[in-house]
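Each of the next two complexes has chain A plus one other chain: chain B in the first, chain C in the second.
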Partner chain A sequence: MLGRIRSLAVSQEKIVLLIAVVLFVGFSVFLKGFLSSGNLVTLVRGVAILGILGVGMAIVVIGRGIDLTIVAIYAMSAAWTLQLASLGVSIPAALALGFLLALAAGVINGVLIAYLEIPALFCTLGMASLVYGFVHYALVPLQVVYLPASLNAISWIGGGFVFGAPTPILFFALISFLGFVFLRFTKPGRFIYAIGDNVLAARISGAPVRPIIVLQYGLSASIAYLAGMITATAVSSMNTNVTNSSLVADVILVVVLGGVGLSGGRGGVRNVIVGTLLIGILLNGMTIMNIEYTLQNVIRSLILLAAIVIDSIVNPRDEQTAQQGDI
Partner chain B sequence: MDNVIPVALLVALTVYLIWTIPNFASLGNLSDTSRQLGEFGLVVIGMTIVMLGGGIDLSVGSSFALANLTALALINVAKWPLEAAIAATVGVGALVGLVNGFLIGFLRLRAFLTTLVMMTLLRAIFELLLRHYSVRIASSDVDSDAWNFIGSGSILGAPVSFVVLVVVATVAHVVLSRLRIGWRITAVGGSRRAAYNAGIPVRATVCLTYVISGVLTSFAGTLYAARLSGAGPDTGLGLELSAVTAALLGGNSIGGGRGSVGKALMGAIIVSLLTNGLVRLGLESGASSMVVGFVLLLAIAIDVRWGKWRHKLRARVYVSPTYLALPPAPRLDEVSSPFAINDRLRDVDIIGLGEVDGPEDVILDEDDNLYCSVRQGEIIRFLAPDHTRREVYAHVGGRPLGMAFDRDGGLVVCIAGMGLYRVDKDRTVHKMTAETNRSAFSIIDDSRMRLADDLDIAPDGKVYFSEATIRYGFEEWVVDALEGRGNGRILRYDPAAGATRTVVRNLLFANGMCMAHDCKSLLFAETWGCRVSRYWLEGPKAGTTEVVIPDLPGYPDNINRGSNGAYWVALAGTRTPSYDLAMTMPAFRRRMARRVAGDEWLFPNVNVGCVVHFDGKGRVLETLWDSAGENHPAITSMREHRGYLYLGGVTNNRIGRIKIDGADPHWTGPSSYWGDRR
Partner chain C sequence: MRKTVVATAFGLALAGITAHAVADGIDDPRRADYFKTFEGKTIAFVPVSMGIDLTEGWAAVMRSQADRLGMKLEVRDAHFSADAGAQAITSLISEKPDVIVVHNPDVQSYAKLLKRAEEAGIHVIQINMRSNYNSDVYVGADWIGIGEAEAQGVIDKCGAGTSGKVAVLQGQPTSGSDSGMMKGVENALAKHPEIKLVANVAGEWDATKAQSVISTVIQQNPDLCGVIGFWDVMDLGAAAAIKESGKPIVLVTSGGGEQMACDNVSKGVFEKEIAYQVMDQGRDLNDMITTVLESGLPAGKLKAVVYSPQLIISKDTLRPGLCWSASALKK
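For the complex of A and B:
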């Protein structure tokens, strides 16, 4: 039985990959301009941020958590960095303070979840509202913050090119690689899988469960800050309203679609990349087909719905280790 | 207890807001607040019902917006009649709930993520429709008095939406707390598996909660449409967060099983006062999100920690040992003492060895059949004449303890955890009583019977039975021993009136009950008091109690009649000097209960007991021991029958039988009570 589930879990990733390939081939044949190198770069670049956030989310999801704060941290910490820089704070100090804000939010998440044992879903949902509200109330009064001239020195982060490739794509590649190495080859990475698989067994085996959970959320917050700075420097502004958008659902979408089981312990960075590419191809194709944005949203949501239905069939919830109130 | 924090919060918040904001309590502001509260409260009630069933509904914000738009599009643009439009809007809400419910209830998806995705999906659909309808809605005008009345009218000074909320809350409260479906929702939320095993259609019940939430939310959206007649991209944005916050803050539990409409309303009032107050305090845009987020985290933290700590807290506060000085125990090693240890029980005959599990009480009918009450919740019968054939006489459930035959040959049984039951001669089981009058100033509810222990029946048919303790269940008897407090009582059930009354209170583990031979008084045993007492039913001392044997060497259990006007009492265990000393040191026992694991506690000795034979004046005639502990060291019950004594024990795997010298060979229990009917 277990073997069958395993093989199915593998096949979900393959199915998604297959769909991506079919769509890619289909769009290449039927959509004019889809296969041009310029469009392909646009395609990947368009979802690079989603992919980076997806890696952060995947680290948490593999440890049987979820981080709904990720988009709030992404938007608000970057916005504060821009705000600080425009107030005349030096670049390193602005970057450091923004990063500390993100890290603090992540660590608070981790502590509340690991030590106070608040369910991750509720904790990060409440923290998203708290982070957004706090930064707006106390630090960044405006909805949209523009990149001040003083930060032009770091505009290469999101707007530069290396060997013709836009830096967001390179950052996506770098984060994916680092995430892969962390999850696959480091001790904390293996502990995350153990915790995601069976938290009680991990605790009994001596894994430092609580510090590792704090680490998960700290990492996802750090990655969110990086993604935020890439976005801010790429489009020369940060719109904090993105916190209230469906971006967080999209991040979950790429993670789940790729085959990272929401019940934890399964999947890896490769799944995130596959999920991200599928979404990228879809969005790009729909844009070329001139489908209006709101309808694209409906289609994306339907795909996400289908993805979690499939996820629950392929990775059924373990009734033995499921907790009462684990919703 | 659960409501203390929210109520305190509500009072503090109200006082603060009235104090800081001028005109906060003015009629106009209250009316505005209560009109918005009407809409919000409906959503929170829906959320509470979903949470009670163990789920969560994050799609309410988008669903609310969609309902708002649907109502406006149908009434303003399509010009539908009001009733049809409202019905269709509610239908849309029900459909949304059905989709949620199908995915979560029947496909068993995770509630949180599914409704999160539904939230984005519905929001996307809403935005899609909004682009097509917003201008047409804004440019059209509705001329309907009823629609305006719903939006801005009042009934007896209260806004319509508030009146709707009151009606819906009342109905929801009755449904949740009084009707079967409400109990089912609570049961599913409390424990899915147990609910499934109990035969509740879990999946359909879960599905239903989302449909209810969808209906209530769409109704709230309709009220909102009537009030504002407009829709924008931020309609209902963040509503799910406020609703979850309100439901949790009111004291409803994540994960289900605990919650009520009252709590939902309390949470809704707090959150709407808070957001309203923040707006009126003139705080900037982010403050509201910040406060809602903070309050949500606070509410969850309280809920989670309260859930984890309440049992620990209860264990700390609940067990309260008291000072109990027993009279000196009689010596057991002096031959002259009537309690002197002997080995007269060594040669008992063994009945049903290994076939019975804990025969707490044994009884024989006039046809010599032997009955015993065992741990599996059954009355086992060994058939006369040799008691080798065994059958399940009746399955009564619970833990049956003391038994007695009534005038018609029905077997009346005390069942721990259930109450007083009767097994008729045709083996059908009936409940006689399970509750009594509640004490006026008791904090714990003592109207239910937790540990009905033993009974006896008066000639007029009234059943006198003991409840060992009102504070603990059968498995926790040792904690009651630790308390040494008068938690037991004697109850009287009058079958003619069908009424149960408490007759004597504050007994130290009221246990064995026995009608005196003259039926003018009732003998009863107090286990932790190590004494047998008498309660006068008639005569000059009627209604009073007096001690008959004050200083038993052990813990008395059942008392039964014997031949020649004597009585038998079983001692379930022997007193030890160390435990007697501990009973005079309540602080020591309290420390032990708090700091030492339960299986390390100082226990009363219940391993070796005996049978004591005494007369109506309390003079001990003889004592039967098994000094070697080979066949029958532990005894909780005994019955004399035709010259033999039958022995039962609550932890034994056998029933004993021994011939009594000098006993009337024709005497039986039933004939002693009801005369010889043959």
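For the complex of A and C:
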């Protein structure tokens, strides 16, 4: 049965990869300038934040959880850092406090889910509102916070170049690499797969299930904070209203699309990269073709639906493959 | 001698008149009525969301008048949800405030409700984002005029000797403000065939998305000359893309004239901002609130439009105090 699940995971990833390759080749042939190195950098740059958040989400989803708080943490902790800095707090202190806010939200999520056994879906949904509401009420009164001049010293985080590549791409690469190493080669990483596959079996085998769950949400919150600071420094502002946008759905989409099953225990960072690149190729190609915004949304949804339909035809669900608690 | 007497008499008379004027002020017969008209009245404000510079600015100006005249200002925050806004208006219709000031998320969502509110006798004033239903008053930006002015700003810089290629960065093409600005851009470009509109993209009011789409547009058109952005907060993303490309691309934007706009014009990030002055719009709102209440007309009869004058923020017009600060209002 394990072998069946593993082959299924590969298939979904392969289908999405195939669609991505077809689109890539098609755009390369028919769209002037698509294949230029400059445009390819732009393409990845455009989805780097989505990819980074995707890695954070994947770490949770593989352990059979879900983190709907990730975008709230991403926006609000970075916004607070900007707010603190504009009030005259020093750069290290502002960064540390923003990070602690993010980490606190993540750890509270983890504790509520692991020890109080609240379903992750409800817990993180509630926490997203709480983080957004609390930060607006007590810490950051306005929706949009601008990067104060005092933070120019760290504007390289999102707006710099290293060897000609924009820093957000490098951060995406770094987080992907670290995520890959963590999930594949460390003990907690392997435990996450075990918990995602069968939490009771993992516990009986001696895996520290509850601390690992707290660790997962702590990690995703930390990654969210990094992504937030990259965005804030790249566009010199943080619009906290992104919390109310469909970004969290997009993050889940790149994770699931690439083949990380919502039922846990399957997939890895590679799947997130494949899913992210498909979205990146689509968005970039449609922008080059100057397709109208509303139509872009329709095309994007159709292609994503097609990927899911093809997958369910090639790998039909039955009592063997379906797990209890599938979303 | 006679002269002295006359002069003295004249002087005394003059002093007498003056003394009389000092002693008895002249009452303004309309004053008491004026204050009585407003005492205890209720104004409800339904913004798309509080916490953004525009709505915080309007609310602050309306609140100061309400406090001065003994009226009550109630803010029902729709918080970027058309549903929540519609619910707020529905419950207001039964609560019967005297005036509803509404900031529409789009032209459709509240149209029927606003009609119902006026039928129930509540004056409806729409601010900046209008609805398909024309209520008592529209106060706000002349979007078509702003679009024309923005396009002109880019046309001035992208004439002979440049590629003449420009891109438009919209927020959400279905919104009332964007369709107006786009019409204005089309009007202006129609007179300048040398300017080519090479891309018309949307950034969903989000700086990150704007950054991504404008990067792609620049990749595709390396000789791009100008970008016309539809909202300064989002256009910071376009500015980041331009900076990253290292090219001298002109960026003209529009917005509420908040301090951020002045900062970015002085840094050269924005070539120009065509602004609608939020503080002045607040003043217009106040005047129209008092007008509908004083007029004694039934709700839905007035049908007035008050377009906000454009303020052009550029290196030429920049001076201290030109912009206003949203964070100062919060203190």
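Basically, the second predicted complex is superposed on the first by the 289 of 327 C-alpha atoms of A that agree within 3 Å, B and C clash if a C-alpha of one lies under 4 Å from a C-alpha of the other, contacts with A are read in each partner's own complex, and residues count from 1 in each chain.
As a convention for this text, a residue touches a chain if its C-beta (ideal position, glycine included) is under 8 Å from a C-beta of that chain, and two chains touch if they have at least 3 such contacts.
No experiment lies behind these values; they were computed from the predicted model shown.
Novice: In the overlay, answer first, second, both or neither for which of chain B and chain C A:Met57 touches.
Specialist: It touches nothing on chain B or chain C.
Novice: According to the stated criteria, A:Glu117 is in contact with first (chain B), second (chain C), both, or neither; which is it?
Specialist: Touch partner of A:Glu117: chain B, not chain C.
Novice: Who does A:Leu304 touch here: chain B (first), chain C (second), both, or neither?
Specialist: The answer is first: A:Leu304 touches chain B but not chain C.
Novice: Contact-wise, after the overlay, does A:Ile252 reach chain B, chain C, both or neither (first, second, both, neither)?
Specialist: First partner only, chain B.
Novice: Which holds for A:Asn244: it touches chain B only (first), chain C only (second), both, or neither?
Specialist: So A:Asn244 meets both chain B and chain C here.
Novice: Would you check which partner chain A:Ala194 touches, where first means chain B only, second means chain C only, and both and neither mean what they say?
Specialist: neither
Novice: Can A:Ala128 be said to touch chain B (first), chain C (second), both, or neither?
Specialist: Only chain B; A:Ala128 stays clear of chain C.
Novice: Between chain B and chain C, whom does A:Val235 touch in the aligned arrangement: first, second, both, or neither?
Specialist: So A:Val235 only meets chain C here.
Novice: Looking at A:Leu262 after the superposition, I want to know if it touches chain B, chain C, both of them or none. Which is it: first, second, both, neither?
Specialist: A:Leu262 sits against chain B, while chain C stays out of touch.
Novice: Identify the overlap between the chain B-contacting and the chain C-contacting residues of chain A.
Specialist: The answer is residues 136, 141, 244, 294 of chain A.
Novice: Quick check: in the complex, which residue numbers of chain C touch chain A?
Specialist: Spelled out, the residues of chain C in touch with chain A are 49, 51-53, 56, 79-81, 170, 172-174, 198-202, 204-208, 210-213, 215-217, 219-220, 233, 236-237, 239-240, 243-244, 260, 263, 326-327, 330.
Novice: Note which residues of chain A are touching chain C in the complex, please.
Specialist: Within the complex, chain A touches chain C at residues 33, 36, 38-39, 42-43, 45-47, 49, 86, 136, 141-144, 146, 159, 166, 231, 234-237, 239-242, 244-245, 283-284, 287-288, 290, 292-294.
Novice: Can you tell me which positions in chain A touch chain B when the two form their complex?
Specialist: My answer: residues 66, 112, 116-119, 121-123, 125-138, 141, 244, 246, 249, 252, 262, 294-295, 297-298, 300-302, 304-305, 308-309, 312, 317, 324-327.
Novice: Chain A touches which residues of chain B in the complex?
Specialist: Residues in contact with chain A: 54-56, 103, 107-114, 116-121, 123-125, 127-128, 131, 191, 237-238, 241, 244-245, 253-256, 283-294, 296-297, 300-301, 304-305, 308.
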